[in-house]
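What follows is a single structure, written as structure tokens, with notes after it.
All chains are identified by letter, namely A, B, C, D, E and F, in their written order; residue positions are counted from 1 within each chain.
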Amino acid sequence: MSEYKRVDGRAYDEIRPVKAEVRVLKNADGSAIFELGNTKVIAAVYGPRELHSKHMASSYESLVRVRYHMVPFSTKDRKSQPFTRREIEISKVLKEALSASIRRELFPRSTIDIYIEVLNADGSTRVASLNAASLALADAGVFMYDLIAAVSVGKINGQLVVDLNEYEDQNSDSDIPIAFMPSLNKVVLLQMDGTMSLEEIRQALKMAKNAADKIYQVEKDCLKGSLESVLKVYGLL
Amino acid sequence: MSEYKRVDGRAYDEIRPVKAEVRVLKNADGSAIFELGNTKVIAAVYGPRELHSKHMASSYESLVRVRYHMVPFSTKDRKSQPFTRREIEISKVLKEALSASIRRELFPRSTIDIYIEVLNADGSTRVASLNAASLALADAGVFMYDLIAAVSVGKINGQLVVDLNEYEDQNSDSDIPIAFMPSLNKVVLLQMDGTMSLEEIRQALKMAKNAADKIYQVEKDCLKGSLESVLKVYGLL
Amino acid sequence: MSEYKRVDGRAYDEIRPVKAEVRVLKNADGSAIFELGNTKVIAAVYGPRELHSKHMASSYESLVRVRYHMVPFSTKDRKSQPFTRREIEISKVLKEALSASIRRELFPRSTIDIYIEVLNADGSTRVASLNAASLALADAGVFMYDLIAAVSVGKINGQLVVDLNEYEDQNSDSDIPIAFMPSLNKVVLLQMDGTMSLEEIRQALKMAKNAADKIYQVEKDCLKGSLESVLKVYGLL
Amino acid sequence: MDNIKYNVLIPKIRQKFILNTLKENKRIDNRSFYEYRALKIRYGHLPNADGSAEVSLGNTIVLAGVKVDITNPFPSEPDKGIIIVNAEFPPVASPDFEPGPPDENAIELARIVDRGLRKPEIVDLSSLCIVPGQKVYRIWIDIYALNHDGNMIDAAGIAAVVALMNTKYKKFTFVQDKGLVDTGEKAQLTLKNFPVYVTHVKIGDHILLDPVLEEESLADCKITTIVSEGNLITGIQKSGVGGISLDELEKIMQNSINLYQTIKENIQKEVSKNG
Amino acid sequence: MDNIKYNVLIPKIRQKFILNTLKENKRIDNRSFYEYRALKIRYGHLPNADGSAEVSLGNTIVLAGVKVDITNPFPSEPDKGIIIVNAEFPPVASPDFEPGPPDENAIELARIVDRGLRKPEIVDLSSLCIVPGQKVYRIWIDIYALNHDGNMIDAAGIAAVVALMNTKYKKFTFVQDKGLVDTGEKAQLTLKNFPVYVTHVKIGDHILLDPVLEEESLADCKITTIVSEGNLITGIQKSGVGGISLDELEKIMQNSINLYQTIKENIQKEVSKNG
Amino acid sequence: MDNIKYNVLIPKIRQKFILNTLKENKRIDNRSFYEYRALKIRYGHLPNADGSAEVSLGNTIVLAGVKVDITNPFPSEPDKGIIIVNAEFPPVASPDFEPGPPDENAIELARIVDRGLRKPEIVDLSSLCIVPGQKVYRIWIDIYALNHDGNMIDAAGIAAVVALMNTKYKKFTFVQDKGLVDTGEKAQLTLKNFPVYVTHVKIGDHILLDPVLEEESLADCKITTIVSEGNLITGIQKSGVGGISLDELEKIMQNSINLYQTIKENIQKEVSKNG
């Protein structure tokens, strides 16, 4: 093990300060903000709703569509392209992860649209997006098998660390974004780039699972807080 | 008041020579050329006709679509972009102005398509376009509340002038394109940029109304001439 | 007549080595590779099949669609544009030539899609494409009036030559791609650029017809070979 | 020619209710005709943006982000910086917005916001020149709708102005043989005036300030007046398919000028409160 | 793969009528088989274009505009100017044309017009070089359909040639240390030949010159022959889904050559008349 | 957001058949669970490409072409060449593919192939620098599907690596006052490792290697593990809408490492055989 120090002084297994809040946009059926330090993401859910183009609809489950997008001023250099190949690939893997968590068979012939905007990007945006989107789905009352808790883990100077920020992401030897349905012990998103041995990946996934469990708790607390404030409005709490 | 002299020697309240002619294109249901000096515009109306995409149609009124477009060789420097943001905004405000003049409730489930091509741009193209389009609508026999008469007014060197040409448009302190339904005393298009006091705007709108009344007369004469030539064909005049 | 020598030593009326093979792609209803020297083309036919957008379908004949496309690495300089104006024009004239050969009235309300990929371009790609596509149509069992046999003919240094390669195409005075339905004595594609007298064109077309007849024979042999190998599978030959 | 629906369809019975309420000189959210909705402003909260502001006007939320980079000046104005305003109505903001390039409504909004900044030259463009004819700063203002409940123009105008006010950018200097060199310092934009975008709608004979989405969708037309310090009007845009009389226009412009100080102070109060 | 309809659908009964008329050696507009429609030409009437022409061939109206600017030459031809031909079939010209980028018909037309100008080098491209390898004139020819009633190619060809004939452009010269300098003079393009685009259609066994839209839509195929001074053929394009025999092709090419002088003089007469 | 169908719809009765077959530890094409399909490789057969390879994996056929040109380096890496991977799923390859720009499946595939080449730096990018900060070689890898019968990633990975292995490009050198000069020699790319893309699918409790299209369409999820010499994992991608346990992942990664030598030797055998 090297003596790598993290730029922001965190312990290797320490995630950045998390902020989670639901019901932040009035028009959406569900919405959430999720922040990991300076990584700030907002997600809105519209649906389940009817599809305009019927021929895409499925008669036995809901179609899930996901658009992961970074606003032009969210990055160090202004992002000038409206929709990059990176955004298209990430939209696809987020769609597959979120689809795995939704009880789609309950909403046939409908679509669930999940729109994610990265407002400020400081690394780990795709996992922050999954957390925001999963909270927004819960806020919209969409039935799910479990909440998704996602986190990144990587290797820098031979050291495994969780929740990489932009600097660490740029300078890492390898990087693994991963998402769990924690109660079901299922992985719903997994990507990796860089170079690692199988043993290192094993350890990394263990660290990731621990960090994801913490995020899972934050998410549950956030939803509980939201529910309580609704109940208070109706004088039920 | 300054001693500003207009580049083309016109009086402050003088519009450029106007040429108006309808029924210039055989395929269109209605068409017109409208010229203000070297600003030359052609408009074609197709409709009321059935819409291909039914879901856009309205069951209680006609959908009006307007495409304002400058041909590539109409401007000082060749216009290379097929459709600019400026053209999109102008298409929108022209659509709204023309919609206000059409008795749309008489043509439910239909569309009226108005295509405008600026062939040579020497300032005031959007108001010339409105005049051309309104004549083309009349030529197509579309029922209207009133013809539209449109003109520009602006301030240069502190002096208010009507019907700005390209040079004046580029060098003006402010610029107001405005369109009237003269018999109804209604403004259907109004934009302004630059800086003016409320009192100056008041005066400018008064000048604009007078100039628009002259254009209104030209339009009515043009349509009368067109009608007479049709009646002559049938031996009725 | 000049003493022009062809760069690859061929006689003026000599076509390059031809390779033709059908049934090369499993998913397509019909497919073929056609090579003229280093010009290598692959064609796939899907259909007759139902059209998604019904409003384009015709109730008395099949719609034929053709996409002629060059892969990015098929040309000397990498082709960066996905679909050039040249490819659009060629797709159109190939579509018209192939349509002329198909008994479209036998497949109303359907579409026949013909996809052509130029894998390596060494001149005469459009005529090679027609030969590939016509073989692929035969392989798909689409009823035709006749196979198409296509070839190019051109003038270099005053000399008429057949089957121009890329170098000859770049350096020719004029260039004529032409396609025949040989048994019917019909021309289904003809283009020409450069400068020629009528007498020269007459001679050129004669040379083209002779060369096309050779290609026609290759095509028929190829299809016969394919049929025989099928019959062998079933023990019928 | 129009892929995003800016307005909503309102059922006939709801239309009647809204119009009846107006006849009693009331609005559906109990405001008076010339009353603004509650204004909330956050700014400078997005560290990757050089300037940023999030403005809530009732339930309408608009985000503006500023990025500054360096480019060549336009040949016609070799010693002036460049400002570009873009706007997007992304599908997060409304069930009727669809993914895709900005439609006519978003483009119109961007061009109206631009109009209030360009000809009156709110940003001192000459101060944005580094090497005349060669290198100038370019100010990108990106406006991003987050929740659409009417009157996006006024919210966007405030967001753009506040984002510009808190914009800090890397100061470069030109050094012979070295080219552009980062001085390590940050410069701040200076605004020469304080434009306020004031939008009224006309519904029948009623003139209403700061419409909610239902009011906007029902309106005959909508008039945005841009007002700057000194009782000056620095831009107007009429939109919507209805006509309006010169008298009504006069009333709206006069009212916009009258409201200027109040709205401006309201903005400044919010700015001094948050950040 | 085909978004604009160039041809129209003709009802069966109308088809029969047209075919029967042809059997009696007549055309629906009473022309003989090898007769051109009335030709009208205006040119130089659009001051912002460096050259312009509006050509009417019966009810078909096509506009061509020329703009000249300065650019870098292609590396393969460092001392030659550049010609670019574009064509658009905008929705003004036909109820079947739709807004959008040029479709296959417009692109084909532009490339046919281009073919008649490029390889025979009608415009002297060497005269368009300012600084070899560095700066050359670029000639943009934009063809714009205004009313589509068949045979747009011939009308477009005439419009392009006449617009080029009246093109005047600012003459620049290269001055050491100063770069390109406007001489204040205007130069005129010189054309090295006079190409004429001659289009026939084949309907059954009939060969017709200058088809109207109904004839074109009914035709088995359409052959455009480009003819230049000296009985030379400088381009051919067959289009349409039918086949044609070598004998018929021979007849069409021969006829195109025969017609060359008449059409050319007709164009020149119109040009000398108007302007 | 998804215009091309990568997977096919499988009738319920066929699904049942496939699942029942799996229960008997068999696959529909009689392979064992960890058995690759027959591999065929042609390469260097397209003379205009600087490197090329056509890979058949059963009925799946993928073509990769390499073109090398010269460009400016990225400012962040001034002394390194550039690699760009594109992929297209053209309509020749499947009745469900449509013409148009690459969809999410083609983009994902290109980015996975890229992942296996980029961070482990399979191609020595420093050797691709001609003038630091000014001129470097750019390697375009274009992947083109010809017939889609499942597991396009592994086939594309092999095609890309083999095409790179046989890439020869014109060697340029920088000469003072002359700029880049063609040396007349050809250089060959050197690869620093030999990545192998290994794809498994999970169907229920079964883990299968190298799925055919029907298996892939039925799968809960698909895991691609990129393995390089030295038992190193240099990339992972999970796709598909189902979840997977950490134990199953472990099994798949272990299996991928175990298979590495066999697959690599299989590729090398094919390469030495053909060309």
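In this text, a residue touches a chain if its C-beta (ideal position, glycine included) is under 8 Å from a C-beta of that chain, and two chains touch if they have at least 3 such contacts.
What you see is a predicted model, and the numbers here were worked out from it, not measured in a lab.
Chemist: Any chains in contact with both subunit D and subunit F?
Modeler: The shared contacts of subunit D and subunit F, listed by label, come to A.
Chemist: Which of these, C-E, B-D or C-F, makes the same contacts as A-D in over half of the contact pairs?
Modeler: Going through C-E, B-D or C-F one by one, only C-F repeats the A-D interface.
Chemist: Hey, which chain ends up farthest from subunit E, C-alpha centres compared?
Modeler: Ranked by distance of C-alpha centres from subunit E, the top chain is A.
Chemist: Centre to centre, by mean C-alpha position, how many angstrom separate subunit A and subunit F?
Modeler: 28
Chemist: For subunit C versus subunit D, what separation do you get between their C-alpha means, in angstrom?
Modeler: Their C-alpha centroids are separated by 58 Å.
Chemist: Return the distance between the CA-based centres of subunit B and subunit E, expressed in whole Å.
Modeler: 31
Chemist: When the centre of a chain is set as the mean of its C-alpha atoms, what distance in Å lies between subunit E and subunit F?
Modeler: The computed centroid separation for subunit E versus subunit F comes out at 48 Å.
Chemist: Provide the list of subunit A residues touching at least two other chains, using ranges where the numbers run on.
Modeler: Expected reply: 67.
Chemist: By residue number and range, which residues of subunit F touch two or more other chains?
Modeler: 1, 99
Chemist: Can you list the ring's chains in order, from subunit C toward subunit E?
Modeler: Here the ring order, subunit C leading and subunit E following, is C, E, B, D, A, F.
Chemist: Help me check something: in the complex, which residues belonging to subunit A touch subunit D?
Modeler: So the residues of subunit A touching subunit D come out as 25-28, 31, 38, 40, 42-44, 46, 49, 67, 69, 71-78, 82, 113, 115, 117, 119-122.
Chemist: Which bits of subunit F are touching subunit A when the two form their complex?
Modeler: 1-2, 104-105, 107-108, 110-111, 115, 118-120, 221, 223, 228, 231-246, 249-250, 253-254, 257
Chemist: Touching subunit B in the complex: which residues of subunit E?
Modeler: Those in contact with subunit B are residues 46-50, 52, 59, 61, 63, 65-67, 69, 86, 90-95, 99, 101, 140, 142, 144, 146-149.
Chemist: Show me the residue ranges of subunit C that touch subunit E in the complex, using the header's touch definition.
Modeler: Those in contact with subunit E are residues 65-67, 85-86, 88-89, 91-93, 95-96, 99-100, 174, 176, 181, 184-198, 201-202, 205, 209.
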